[in-house]
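Below is one structure, written out as structure tokens; the observations come after it.
Letters A, B and C name the chains as they come in the text, with residue numbers starting at 1 for each one.
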Amino acid sequence: MLSLVLLAGIYVRALVFTPIEATQGAAQKIFYLHVPAAICTELAFGICGLVSIAYLWLKDRRMDMFASSSAEVGVAFGTIILTTGPIWGKPIWGTWWSWDARLTSTLFLFLLFVGYMVLRGVVTDPDLRARFSAVIGIMGLVLIPFIHLTVYLFRTLHPMPIVLKPSAPSLPAVMLVTLLLSFGVFVLLYVGFVMQRYALAILRDVRDEEAANAA
Amino acid sequence: MTSAPASTPPADLVLSARDISRRFGYRRVLNTVSLELYRGQVLLLVGANGAGKTTLLRVLAGLLRPSQGTVTHSAAVGLVAHDAMLYDALSAYENLAFFQRLHGGKDPARIRALLDQVGLADRADDRVGTFSRGMVQRVAIARALLAEPTLLLLDEPLTGLDERTTRIVLDVLTGLRDAGTAMMVVSHQPTDFLGVATHIARISKGGLTVPEPFTTASTTAPLTYDGA
Amino acid sequence: MPSVSRAALAIAGKDIAIEWRTKTAIISGLVFAILVLAILYFSRDPTAVSDLDIAPGTLWVTFTFAAMLGLNRAFLLERERRAMDGLLLTPAPRSAIFWGKFLGNLVFVGTIEAVSLPLFVLFYNVPVWNRLPQLILVIAMATIAFVAVGTLLSAMVVRTRHAELMLPLLLLPFLVPPLVGGVQLTASLLNNRPLSEVWGWLKLIGAFDIAFVTVAALLFEVILDE
């Protein structure tokens, strides 16, 4: 059922996408995908942090599973953005990487949450793993505004070409609509993936519990 | 040992544990364990490896929070565990002084007295890293006694000790018992504690048997270890 | 029951006493810092870029690496003979363990910085004297940030396998704001630019310090085993 919603979402985006592209240069196309995706990635990490707070407050194992699902989806999105970005960017901007505000923030947060996943892989006791993850999740949440501030301050001091931002001073309505639609689709994708991942985690948890009690 | 419930706890009650359960992940290690200890009682705890003895001790000491149940102490608790919980680079005296500070006091005379009680007065200023196992264990006991506990918990205290040190430790424990300290001792060799322990109980699969008086008969009857 | 400050000072004092006696970590840290400084200096291309341009980055990279080496030491100490359990058995407040370790780490990292800084000035021949108080302030503020997050994270990873890898992996993303800020501020100071120009960075590091010292202190007890 969920996958149907996702497919619908992708279709809509593709349909709306194509008529618009005719009016822009090819270069602009990218950010319809990347900006919303990057925002969604950060959203995923932020939600992870918020749910982590809830976990520590309520001590409900399911919240840990939700938080880690959100983080995983964020890492997956991040991987896609950070790999496809340079690949698309090279022929268009002539450089593999640029310290664009959005990309940079995404990069550092992505790396942190990769660390989060590694940590989860290393700690075997589920209770300890949940608590450690919650700590990183919450700290990551607090870090998000500071990373943005850092990038912002750096760029005001050392202005650099803006690549992933709509360059028009006022955004034509048509571009804005596409952007928002794309963002909506990514949120849908996020929700869909997280729910699936969460469902999987719950199933695993039930199975592990039964196995332990049978022993 | 389990007395009729009273409205106020008797003055002799040192430890009261009710329905202690403890899980690790999905595994249940302790299963509704209840226990009461009174002044001067020395309870010997036996059971197979992995039955939950160390976990129970750590819960009673306050290092682990029980998943369910409550533990009530009348006063301070001391723990002598598998590991000595000491710093090798510091001397015996410095170790005790440090932990004493964390208990909120500063009493050099008491430290000297404790080291004397465990027979280490002459090695007070030597680094713990240079000590033999027997000496380390004795400092650990001294450390557990810093806060003048009414309850002392010991996890296999005689393991790896030579005869002389074993005698010293048993003498210390007997002295403490006679002075009113309650104790719980986990041991795989109950016969070592003849004349010291007053009661014996067994843990099996996370459950605790009702403690019985500890006599020579308790040690000659075969202690069956069903798979824990 | 001892107060938090007394217990924390006792713990920090104990750590410093032990380190003073064994000296292994501090000497390793110092030698490492000196090596990093020297290697980075030696391997630069003096014709391509001026010393003044790369100096700030070098200084902060050195501080960061040396700090990371030293941070694991504080909790590793408590693992031999399970001394941490000994701390938890006392009535001392658990937050005191964090503050004590935090203080001890500050002294440790601060010592390495205090030795590295003169060497840095020596190698790079940078004009530091008229801006020394401000520079020390910047270094101190960024160090507080490093050590606050580092103390919390090292308490966590010390119980995992690959602790030496996990700590940098988890810590470095958090060091981005204070590190970048530190470099920018240092560069500005060395070039004798007025502090007002980079006031934003100072505020950033200050806010970071307040936020993360608070968060680290609050989350520390979550990490202790129960």
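In this text, contacts are C-beta pairs under 8 Å (C-beta built on N, C-alpha and C of every residue); 3 or more make two chains touch, one makes a residue touch a chain.
Here the structure is a predicted model, which is why all the values come from computation and not from measurement.
Participant: Hop across touching chains from chain B and tell me the fewest hops that reach chain C.
Facilitator: Graph distance in the chain contact network comes out at 1.
Participant: Could you tell me which pair, A-B or A-C, is linked by more C-beta pairs in contact?
Facilitator: Higher C-beta contact count between the two pairs: A-C.
Participant: Farthest chain from chain C, going by the mean of C-alpha atoms per chain?
Facilitator: B
Participant: Comparing chain centres built from Cα atoms against the global Cα centre, which chain wins on proximity?
Facilitator: Going by the distance between chain centres and the overall C-alpha centre, it is C.
Participant: Rounded to a whole Å, what is the gap between the Cα centroids of chain B and chain C?
Facilitator: 40
Participant: Please compute the C-alpha centroid of chain A, do the same for chain C, then give the distance between them in whole Å.
Facilitator: Between these chains, centre-to-centre, one finds 30 Å.
Participant: Can you compute the centre-to-centre distance for chain A and chain B, using the mean CA position of each chain? Integer Å is fine.
Facilitator: Chain A and chain B have C-alpha centres separated by 52 Å.
Participant: Which residues does chain B have that touch at least 2 chains other than itself?
Facilitator: If we look for residues of chain B contacting two or more partner chains, we find none.
Participant: What positions in chain A touch 2 or more of the other chains?
Facilitator: Chain A, residues with two or more chain partners: not present.
Participant: In chain C, what residues contact two or more other chains?
Facilitator: Within chain C, residues 225 contact more than one other chain.
Participant: Note which residues of chain B are touching chain A in the complex, please.
Facilitator: Within the complex, chain B contacts chain A at residues 24-28.
Participant: Help me check something: in the complex, which residues belonging to chain C touch chain A?
Facilitator: 149, 152, 156-157, 159-162, 166, 169-170, 172-174, 176-177, 180-181, 184, 198, 200-201, 204, 207-208, 211-212, 215-216, 219, 222-223, 225
Participant: For chain B, which residues are in contact with chain C within the complex?
Facilitator: 61-65, 77, 79, 81-90, 94, 98-99, 101-104, 143, 147
Participant: Enumerate the contact residues on chain A facing chain C in the complex.
Facilitator: Against chain C, chain A makes touches at 56, 108-109, 111-112, 115, 118-119, 122-123, 128, 131-132, 134-136, 138-140, 142-143, 146-147, 149-150, 153-154, 156-157.
Participant: Using the touch rule from the top, collect the residues of chain C that touch chain B in their complex.
Facilitator: Touching chain B: residues 1-2, 6-7, 10-11, 14, 17-18, 21-22, 77, 80-83, 85-92, 225-226 of chain C.
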